[in-house]
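Letters A, B, C and D mark the chains in the order given here, with residues in each chain numbered from 1 onward.
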């Protein structure tokens, strides 16, 4: 057992942010026309939270188009539609994390990509 | 017992839309800077759904300011912060519904205000 | 234009409840083992709300099994997995509403089935 | 910059799980009678997910009682009502994490408490 350090905190916060945005926004009604604004809104909801250095959200338009109900022309945001790149800065450590659909496992996978000291 | 009619359908759809947006977006991290975009996003998430004729969402800035964490400068969207005016059009009937904070009952109250035939 | 009546209120409340539970619980991690408890929990979250007379929720086990990730053995609750029968009582009027997956439209359809005066 | 290691993964997964359950369940209608079942349901929704070794959720009954609407006798789950103790096991590393209301900061604080190698 060791002390909790800066690196742990940065990585932990990155996990929190991805878990949070996923379960906050999955289920949101969305169309091809509103996908762009929803991307920006998800980014903003992360940016206001502590330690978020930057975030980029993109929603897979091909999946939206395919999932759109033919009659009603909208669908709901699903986890597998989301691609998120996130940087968390805790003191002098940056954790780079990602949410991306893993086709092989058919799973919206969250992962830590890189950890840096500034 | 009577047949389900156009009026019933318009009123029912109005209820669905208010219940849906409330439970989709409550909990979203929000600041004074992002409140405006979140209002527009909630509107858009309703507009893409069937039978929504118009919607106007406003978030109580006074409550946001008061609820904002002093250290982190953000809070979460609460039901009582929301004021929503919604029109649902089903065939030739318009149902006007509202979500507004009822101070006396300390409750985010949803109500049908008016029903019209076009 | 006419006055809002008891029937309108019953139907409106039924819509609210279905929209609410849908967007509250869609996205919940679920397995074959926890589906039963989640059904009961969704029912309870409705029962505590005003005017709900009764509710029965069932989650399509076939869909859960099919959607379960083969590695991790769980999936997320989707709207199309839900079958809900709801009774709202407002004064002397009962509105019977339903959420059921409409295969033809590939849509989780909410509908008013019956309205009765007691 | 260094390689992502087992410890990082354990800590990251702990963050994901806390962020996820928070934003999935905040907003759920709850009463004194249903709080116990909701605690168990939140635990179950975490247990089905990868790497969760154990979890214990408790909802602050005093806050529920205080927040309950006097007319309708229920309230909505808020983040500050939640106390969660979580253990994540990734390979041979256990991360102990917690969500607890921090009264001083008036904030539902998530933290890593301990990291152990088995």
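Simple rule for what comes next: a residue touches a chain if its C-beta (ideal position, glycine included) is under 8 Å from a C-beta of that chain, and two chains touch if they have at least 3 such contacts.
For clarity, every value in this text was computed on a predicted model and none was experimentally measured.
Trainee: Quickly list, by label, the chains bordering both chain A and chain B.
Mentor: Output, common partners of chain A and chain B: C, D.
Trainee: Measure off the straight-line distance from the CA centroid of chain B to the CA centroid of chain D, and report it in whole Å.
Mentor: About 28 Å separates the centre of chain B from that of chain D.
Trainee: List the centre-to-centre spacing of chain C and chain D in whole Å, with centres computed as mean CA coordinates.
Mentor: Between these chains, centre-to-centre, one finds 26 Å.
Trainee: What whole-number Å value describes the gap between the mean CA coordinates of chain A and chain D?
Mentor: That pair's centroid distance is 19 Å.
Trainee: Provide the list of chain A residues touching at least two other chains, using ranges where the numbers run on.
Mentor: Chain A, residues with two or more chain partners: 20, 22-24, 27, 72.
Trainee: What topology does the chain touch graph have (line, ring, star, complete, other)?
Mentor: The chain contacts form a complete graph, every chain touching every other.
Trainee: Along chain D, where are the residues that touch chain B in the complex?
Mentor: Residues 22-23, 26-27, 69, 71-72, 76, 79, 105-107 of chain D touch chain B in their complex.
Trainee: Which residues of chain A touch chain B in their complex?
Mentor: Contacts found on chain A: 20, 24, 27-31, 33-34, 37-38, 40-41, 44-50, 72-74.
Trainee: Where on chain D does chain A make contact in their complex?
Mentor: Residues of chain D touching chain A: 1-2, 4, 7-9, 11-24, 97, 110-117.
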